[in-house]
Structure formats: structure tokens, C-alpha cells
Amino acid sequence: MADATFEPKIIAFLCNWCSYRAADLAGTSRIKYPPNLRMIRVMCSGRVDPTFVLKAFALGADAVMIAGCHPGECHYLEQNYKAMRRFAMLRHTLRKLGLEEGRVRLQWASAAEGAQLARAISEMTEEVRALGPLNWPAQWSEEDGSIETAILQLEEEHAQAMEVAA
Amino acid sequence: MRYAYYPGCSLGRSAWPYEASTKAVSEALGLELEEVEDWNCCGASEYFSLNKTAAYALVARNLALAARQNGLKQLLAPCSMCYLNLRKTDHYMGKYPKLGKTTNAALAAGGLSYKPGSLEVRHLLDAVVNDVGLEAIAAKVTQPLAGLRVACYYGCLVVRPEFNGKSFDNPEYPTHLDQLMQALGAEVVDFPLKAHCCGGHMTQISADTAFELIRRLLHNADEYQADVIVTLCPMCQLNLDAYQSQVNRHFKTDYHIPVLYFTQMIGLAMGISPDALGIGSEFVSAGEALAKIGETIEAVPGGAPPRRKRDEKALPMPGQKGEA
Amino acid sequence: MSERIGVYVCHCGSNIAGVVDVEELSRWAGETLDDVVVSRDYKFMCSSLGQELIEDDIKKEGLTRVVVAACSPHLHERTFRRSCASAGMNPYLCQMASIREQVSWTTQDKAAALSKSKAMVAGAVERVKLHEALEPNQVPVNPNTLVVGGGIAGIQAALELADAGYQVHLVEREPSIGGHMAQFDKTFPTLDCAACILTPKMSDVGNHPNINLLSYSEVEEVTGYVGNFVARVRKKARYVKEADCTGCGICIDKCPKKVVDEVFEAGLGYRKAVYRPFPQAVPKFPVIDRESCIYFERGTCKACEKFCPTNAIDFEQQDTILDLEVGNIILATGYDLFDARKIPQYGYGRLANVYTSLEFERLCNASGPTEGKIVLRDGVTQPKSVAIIHCVGSRDKRHNPHCSAICCMSALKFGHLVTEKTGAEVYSFYIDMRPLHKGYEEFYDRLLEEGMHFIRGRVAEVTDADRQPGEEGKLIVQAEDTLLGMQRRIPVDMVILMAGLQPRRDAKDVSLRFGISCSMAGWFTERHPKLDPVATMTDGVFIAGTCQGPKDIPDTVSQGAAAAARVQGMIAVGSVEVEPVVATIHEERCSGCRICNNLCPFNAIEFLTDKAVSYINAALCKGCGTCVAACPAGAISGAHFSNEQIFAEISGLLYDVARGNGAKTPQPVEIPA
Amino acid sequence: MPNPGSNGSFQHRVIEATPGGEVLVTCLQCGTCGGSCPSGPDMDHTPRRLFAMIGAGMEDEVLRSNTPWYCVSCYYCMVRCPKEIPITDIMYTLKNMAVKAKLYDDSDAPDWSKSFIGYVENYGRSFELGLATRYHLTHKPLRKVGLGSFGLSMLGKGRLALRPDRIKGIEQLRAILDKAKELEAVQ
């Protein structure tokens, strides 16, 4: 169902120290990548609450990227490991909801890896373009429950999972 | 310890003494070898030279057959070339999905399939040293190889390449065979060319190239006054043994160094008769060397290679610990 | 009450305006986005005129929020926050959209660039509406400084600070300061004797009234934050009372136990069980090495104690623990040498006459084990030919991918010393010759004139297996001469391996202990690779020398001085602003589950048993927000990065998603707490 | 000629045909491969130089080179290469390409390989006597006598078989190999 005119919208959460600086570097190096990805700066990938991702989908994003420092290079010592653990649970949850794997991506990018980040953005854009629009809000409202109920349910699962992990 | 066993073409013929001694020794060491049914040639390096896709498929048929035979998880090969081809095909099929897919598509034409990683491919030396263990082997030694100076020769493919940085021994300076020979009571020389090339198939293609490679090995083993070169690969044995007289003629040299399989050495140390180990079929007779262990226990080791004596002024060697 | 928002779109000359239709962007923002009352575009927003534009609007139009669409906030956030503040607005009520780095410089399609810019402005506008006024915290700066590592970098830093009148605690792991430089013979390219230039500085450190030298000591724990750190230092037992010892050295003479000196002599010489690494050691007090001391092993001997004229030996001495209060920390922990045994084909450890570069330094050194005579491992024979192998463990994906930066020059220096002292032929096997700094190329030239042979090719192997006449009894170095395109075998008497520099084996532990980050390999990460090379992302912790990456002595000394200058700046101001981006726990919502307690690597979260709730110490919190994301009760809020602010930014960024309700500006979906 | 490294260039095709070959572009021309190669002195170009030639798009010269055919597959270069380039595998790729392009004038190694696999395809096992005889009769008739005595002593030691073994599943093997060749042609 690849639609030639479909331009996916991707929300990305980038940590302030490595990935956002990688984006700065991609810019100063004038590396071109698709304009489909829109970035949000957070202090650490560990700050990315799974509800951010769900919220982005709920508001119509076709995919979400979470980017942080490489394991072992976290500005906050080890918080990206927590992001990694959390990401595994998030992906599990999203799979249960029928979302394709390619719609969420955890990307490590150091402040020196502008080119790598740009490449990851290009790859992801193409992958999501091939998957087609998600149109999550519409899908949910067509079915029985509202999107809020779904998010609530996922949040509970997430909280339980965190408790187990902690 | 049960293994699927892939003898390879050489062991059926030119390396029959390797097969005979492997059978004799494995029984005594408790290694159960179950031959892969209807195995085919691994293609050596020749098939890869002409058609890589077919070459991987050729090897993969053996993997597929072995993997479905009685649920065995480990595939043992005594020949270094076969060992490499089997290991490489298993590893590459997993590491490069495109290659894995193509190879399985070819296998499907013969009603077979192979899932990479379902077998662990191992060399006979690895199993002997790491599964049986040096202590267990030493305990079975009845006639120690004392006084026999051996050059342990690994050749290339048993330790190279490393796949994902993994090889059962160091790719530059392996020591498994050295340790094994020491456990049998032999005097092991520090053979610097232990992992260098024997010339492989160059004997057929460019004899001059091959003869030079063989000469280097013989020259170096001779310098270290080795009584015997111990090997673990049919190709290495063939090149060093069968071509030794041609090399002597070519370079006007006079080397006389017998080349035996490590399984034959284990057999001798455990008191198995030389006949049963296929000893006697080598081109360069091992008689003189083996007389050393048959005849006299006090055999004085041949003069050690010239090593400067350490004196007061000598500087410590790297890693030398402790008192002066 | 709705906010009054000003949107400012920067052209950045043609950097932005060349791709993004800035007039249209500014018009659109003004007409379309709710609460935007002023929207302008301007050539250079960061210029003083641009800043005045914002300040005037705040005053005249009564703006309550400001959005600047320009470059990355890492470049000019401070600038625009400052102009807001000078117009009387809280600086944290300003938000930037990075339409240069993220749009105009990375996008070619102009229509797509405009629509992405609109999304980013919308995101910033939605977010800024929910910003809260924040006040940065002021904390005082303790004027004392901790310098970790007594090599040339640490020595330089300590002396600069001490000479400026500030108190320094210098902690060194080994019994003496001096580091690697103290082991060297000559220094390139001027061939100054290393000891001649280093030892005066070492004694300055030892005698300086402002320097508290803690040798044979290690930092075990660091707590606190910029301006107010507490470092716990373990001063290992020397078994020699420093107060009584005169440094006469009789104990060393009388000690009957001789062992290989693995550290200072690089394994090439011997020392006693009670020892001073080298004669000019600072401090002068010896150390008893417990591992090799006969008394500690067998319970008898005590020769040192018997002969000590001042009764300074104390076998009962224990480690002592000191807590040092400091405002800033400089890490100058140096490097480790690559272990050449990891490349067996070069024969180190097996072939006697293969040396490492550090061993060779000791061999050349007049106070080394051979008193400066270059000889083979037999201790007497002078080599007639020497091969120097570059890039041992460097530029190699299997070991260290980086260039070790100093080996080319050291190799030239060795070449010169061999030629000068022995007249031997010298062959240098290199991949690329890198004489980068002042006077270095000239030194390379000098060696060419001196007749050193240069072969471009990485050595394949060093062997004692001779193959042809002339090779017997030699070490044969085999390589491709890549400029000739042929294999060569050079028989030599001695081989020197230019072993690369690599991070200290415990660098990762140290980085965690001091709360800074390091690369995958273990080099400490600077705040900015070009513009902030000695600061780290952790305020108050600075780095200098080779712990940050391979470098030679001049660069190392520069960094030591630079780090000291940065610390002096901090001390001179006397206080420091701490960003108010911290997390807070709302007691009434905290269920006391304690999930957050284990998540904080800075130990900022404690559990108040009396109230059965968790509590965040704002002074320790670094603001990463991990606990905020993890709290199952939603009881933790992160200042400046609250859930609501992020949700608002998402909705703005997705302004152009066609939704069923056809809303022009998306209405945030209520997320149940 | 396409730019080196771009789609369709010689370098690109070599990389595509070699599992893990993409690191070829990172070659820093250090010569570790050429220095390590046991048959290096007999090669017309060292492996390092061959990689530079591949980068320069010198397809004809590279495929005519004897270098890949002198590779003894000892894998020394591969375990020493500081960029972890799968050099031996690239040599196999070049041999495959040279055979397809019929460019290997300086070596009769391909015919040895062809004789070898002829037996494998017909019997499922290699056959040393037939192989040596067939190859030497066509390529080195002058050395027949020498080989003859060598072969006779091999026979005498029981180390050479008089006729090849044939595996039971030869039809299955042929079907697999035919399919593989078909897939290779498509690529």
C-alpha cells in the first residue's frame, strides 16, 4: 500500500548531550536528510516516558524515534540503560497493539555522530514510508474504546513492568 | 561425548593413517564419533574459487544432513580445510542473511534446509584437548614420548580466520598441540613457523611457490633439531611428507624429518601398536625418530638450539616476575 | 489568562532565509497560532539590534513569552534568555526553535523546509505557554582544588594554582609524582633531557606551601557538586613514617630482597622491596612493597628497621582515610601503554630482543638499568641494526582504532639516539609519518639527513625463523614496502615496538567515580572537542593531559595550565549558578513505592521514613528526568521538562496532521494522571 | 566509467559480491596483507596494490592479475588487517569474477579448480588420482613422468584410490548445485 505521496511524520526525542548535539553537527556539516522527523529536546533519553510515545501516536505521528548517548557514555552515567530497558517494554506493548516494529526506534548517537544520526533518520523515514500511514487516532475512534482508555490501560501495564524491573 | 563426525575425502585415502589413528584413539579416549550419513566433499578451496553460491550450498548439504542426524549438536572434523569450510558456512549463513537465504533456497531443491547456529563445528584437536582434557590424557599415557623432540605444526586453517573474534586457539601463536604433546611427555620445540602455510594446493598449480613454503618449514624444524613434525591436517601432512624428497632435490638439501599426525602420537603414548595407527605409510620414515622412544629411556635430548646463557648483566625478559 | 507571545524568526543572513521563506513563516505564526501577538523576522536576531527588538516588544507590547526561531539553543539560548531578563522577563519563559541546524542546513526542498519550520515554531509556541518562571540557584565555590594524577599535566595544573595563591591537594597513586615523563630519557624535537626539565618542577611541588602532596594515595569516592565537593582519599600505608624519615636511603641499601620493577623500569630493571622509584623521587620517602617484603611474607627480617637511623620504619602502619573539601577537581590520570603481547606476531615476550618503546626509554636513560647503554637483552652486545615498528596496537580496529599521536615523533627520537650512541642502521616501518607540530617536520628532516631508513609499510611479523643467507641469528622484520609494492625482509639485531597509548584500565571506574563521561574506549569526554577541551559536562570537574586522549608533552602541559586557569576563574567569581532544571516530588501524590530511589545515580533521592515518601535533594539532582518518567504515580515533576510541556510540544509539532475533528490548532488530549 | 565506490563501479560490484566486503573502502594501504602473504613474492601485484587498483576502477588489470590465484587461503592477512577487511573472501570474489569474464591469462589455476569440482559434481567426493592425472595430462604433459612415479608410490602406500567413491544422494546434490548456480546467475 505504498502511497507515493505519503510523507510520514516522525517525532523524535533527543537527549541534550549527545543526540541533540549530533543533530547540531549534522546541521553544521550540512548533511541532508528527509524533513519528516521533528525533534524534541529532553535532558536525557531516560526522561522519555512511554506515554510521550503513545501521546505522539495518539496525536497522529506515524513513528517515533528515541535517541540518546551510547551505552556507557551517558552524561548521567547510566540513565540511557534505563531508557534501553524501558524501550524494550515499550516495544513489547506496542507490538501487542499491532504496531509494526519499524514505527519505534532507539538510536544511539554520540555528539560526534551527525552523519550516523542523519543516516538513521533517512533509513527510518524510508521504512515508515513503506509501512504507510498509521492514522492511529482514527483507528481508535472507529473501534469501541476511546484512545484515552487505551493509553490508560497501557500506562498501568507499564507501571507494573517498571515495578518489576526496579 | 558424542559427535557427528565428518571425515572428509582425504581421510578416506591419502590420509588413511589419520583416519585409522583417529578411530583407534577416539575409542580409547571415550569420544563417540557418528559419521554423517552420505556426506559429500566440502569443495576445499576450489569450489569457492569458481562459484561461491554453489560452494556454500555444497558445504551446507553436509550441515543439513548432520543437523538432522540423531539430534547431534556438535560436528567434528579432523581435516582443517573441511573444518574451516563447515564452520565458515555455518557462521556466514547466520551473519549474512542474504547468503543464508540463497543457500537455503539451493538446499530446498534437494529437500533440505539448515538453520545457522544449530551445529557447533569443531576440530578434532579442540575436542581432544578441551573435552577430554590434558589431565585425562596424561593419565592414560603408558609410554611417554620422553626424549622425542617434536615441532608442533598447526598450519593455517585450524586457527584462522577467527569468526567474531572466536577461535579455539590463538590465530598467530597457538599452543593447544604443544600442551598436548607435553602431556604425552614429548619435548616440544618453540617452532616459530607453527602456524605458517604448507603451500596448500600450490603444489599442483605452481610447484616452485609450494616448494619454497615447504622448504621454509623443514629448514626451521631442522634448525630446532626436531625429530618429528606433528600435524593435524591431511594437506599439511601430504605436502611436508610426500613432497619432502622433491623439495630436497629442488633445493639440493637433505632434510629427513618425518611428519606424523597428532592422533598417531597419542596412540603411541598410550601403547597402541604403530601398525594400528597407520605408522609406516609415511614417505619419510619415522623409524629412526621413533627408535628414540622405543629404545632408550635416558635418551639425551639433542643439543638444544643455541640460546645465549643468561648472566649477571642480562636484562629481565618482559613479564619475568619475582626475584633477581 | 492567556499568554502574550512574541515570535521572532531569524534570517541568519542567508543561512536560514536562503532555504526557509522567513517572511511567510513569521506571517503564518502571527495569523494562525493562538496567543501570538507579535511576530517578526529579522536579519540577525542575535545582533544587538535583534535583541533590542525583543526587549522593546517585551516592554511595549507586554509580552509574557518569547519564541526565537533561529539556530540551535546550544549556541544562543543564553543570549536570548539574557535579553529577556534585561527587559524584566524571567529568562526561562523563552524558547528556541532550531530552524537552522535542523531545517535550512539539512533540507533542500523549500516547501518541506517551510512546513517543518512551521511545525517547530508551533511546537515552541505550544510549549512556551506552559513554561514556568525559574530562578537559578547560586552556590558558593570552595577555593581549594583537588588535582588527581601527578604526571606532568597534574604537576603543571597544581603549580599554576598554588602559585596563584590557592590551596591544592595533589593525589598520586604511585609512591612518587613524575608520571611517564620521569621515565623518559630525551624529549622531542629539542632533545632536552626529560629529567632536567621535569625534576625542578617536581621539587617545586614537593616544597610548595600551598600544595598538599598525597602520594601513594587514591580517591575512593566523590560526593557533592560544583563548588562543594567532598573527596574521600585513601592514603595507603607506606610502612615509613613520613614525619621521621630523612630520605637517607639506608633502608634501601640494607634490604636483601630484589624484585623486577614492573612500573618505573618497565620491567627492565630491579628494585628492592623497600624502594623509591628513582633517585629524584618526590616525595623522598621510600615505600615498603608489602607483596615482596620478606618480613610480611615470613615474619622475620626487618633489616630496614634495624638500620634506620631515625626509627622511621613502622610495620604496623595502617591506611588512612582523608575527607577533602574542594570546590573544583582536575583529573590528570594519564594513559596506559598498549600491551604488545596482544600482537603475538611481533614476538614481544618470546623473542628476547624485541623491546617496547617504554623499555627502550629506560634503556637510553642514563639513570636506567644499563646507565644509558643501548644493548641487547644479554646486557652487553650493542646492536648493529635496529628496526622501529610504528602503530603497534594503534590505528587497528582489533585493538585501538585511534592514532596514538606521539609514536612517530618518539620513533624519530629513538632513531636519533640509536644513531648517536651506537652508529647502528635504523629502519623505521611506518604507515603514515605524522610530525604535526612546531619543529617536528624539521626533526624528521634531520633524521633523514642522519641516514635513518624509512620503509612505508605496517610490519606483518617479526620472526627468528631465518629463510635465506644473512638472516641466521637475526630478528627478521617482514613487511610490504608499499612504495615499492614488494615484500621485504630486513634482518636486525633489535626491534622496538612503538606501543600505542590507551586509556587507563580503570578509566571507566574513575569516570563514574567523578561523574563524568568517557568514550567507549575510556578517554574522558571534554565539554566541547574544540572550544571547551578541558571542561567536562560535569560542572567543576576538569580534565587535562592524556586521560582525555593521546597527546605529547607540550599539549599536555598546555591542558594542565588551561584547566588551572578555568579553576581560577571559578574561584575568582566565588559563586556559581546552578541550572534550576531539577526534579521535585509532590509529597501528597507519592505512594512511597521507592521505585525512584534506585534510579538516581547521583543519590539525590532519599526516602523519608517518617513521612513514608521519597524526597529529592535539589542540590544533588542533575535534572536528567529519569525518575520523572519512572514514577508510577506521576508524583515527580521535572522543572522545564514537565509532561505537560512535552505533550504541548508534541501537539504543536504535529500541527499539520489532518484530524477527524478538523481542528486548526490541536486540542491537547487529556491524559489521565 | 562510474566514480569509484558509486553504484555499478567495479569496487561496488566487488563489495556487493563479498559478504562483509563493505569495509574494503576503509583500506588504509598499510601493506599488512602484502607483508604477510606467503606467496606474495610470486604475485604480480600485492593484495594492497590490488585494492588500490580496485578503487581506481582498473577492472581489466585486476581480473587479469595472478594475485587471487596465488592466494593459498592461509588467512594471515585477514586476521592481521587493522581494518578487518575479509581479504581472502575478496580474493574468492575476484576469482569468481575473473572466471566469468574469462580473464585469467597468467594462471592455469582455474583449470585445476575446474578439474577438482568436476569430480565433486559427478561423484560427490573428490578423487585425487583422477584429478591429478586429468589436470596434469592437459596442462603439464612434460611432468607426466615425475608425477607417475609420485603417484605410484602414493598407490604403494595405499594413499591413492584407483576409482572414485560416489555418494548415494548424488542426484540430490546435483539438484542443489544446479539451483545454486541458477541463483548465482540471477545475482
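All chains are identified by letter, namely A, B, C and D, in their written order; residue positions are counted from 1 within each chain.
Note that contacts are C-beta pairs under 8 Å (C-beta built on N, C-alpha and C of every residue); 3 or more make two chains touch, one makes a residue touch a chain.
This structure is a prediction, so every number in the text was calculated from the model and none was measured.
By number of C-beta pairs in contact, A-C leads over the other of C-D and A-C.
The chain occupying the central position, as judged from C-alpha centroids, is C.
Taking the mean of the C-alpha atoms as each chain's centre, chain A and chain D sit 47 Å apart. Here the spacing of chain A and chain C, counted between their Cα centres, is 31 Å. With centres set at the average Cα position, the gap from chain B to chain D is 23 Å. Of all residues in chain A, none touches two or more other chains. Contact with two or more other chains is made by residues 345, 398 of chain C. Looking at chain D, one finds that residues 76 touch two or more other chains. Interface of chain B with chain D (complex): residues 9, 12-16, 38-41, 43-54, 56-58, 61, 92, 95-96, 98-99, 102-103, 105-112, 156-157, 160-162, 171-172, 196-197, 199-202, 204-206, 208-209, 213, 242, 246, 281-283.
On chain C, the positions that touch chain B within their shared complex are 257-260, 262, 267-270, 341, 343-345, 348-350, 352, 356, 359, 369-370, 375, 377-380, 398, 463-467, 473.
Those residues of chain D whose C-beta lies close enough to touch chain B in the complex are 17, 19-20, 38-39, 42, 68-70, 72-76, 78-79, 86, 88, 92-93, 95-96, 99, 107-110, 112-114, 116-117, 119-120, 124-126, 128, 132, 135, 150, 153-154, 157-161, 165, 167-169, 172-173, 175-181, 183-184, 187.
Residues 72-74, 98, 100-103, 105-109, 112-113, 115-116, 119-120, 123, 508, 512, 515, 517-520, 525, 529, 537, 581, 593, 595, 598-599, 601-602, 622-626, 628-630, 632, 638, 641, 643, 646-647, 649-651, 653-654, 656-660, 666, 669-672 of chain C are the ones that touch chain A when the two sit in their complex. If you check the complex, the residues on chain A that touch chain C are 7, 9, 11, 17, 20-21, 23-24, 26-28, 30-33, 35, 38-44, 46-52, 55-56, 58-61, 69-70, 72-79, 82-83, 86, 110, 112, 118, 137-138, 141, 147-148, 151-152, 155, 159, 162-163, 166.
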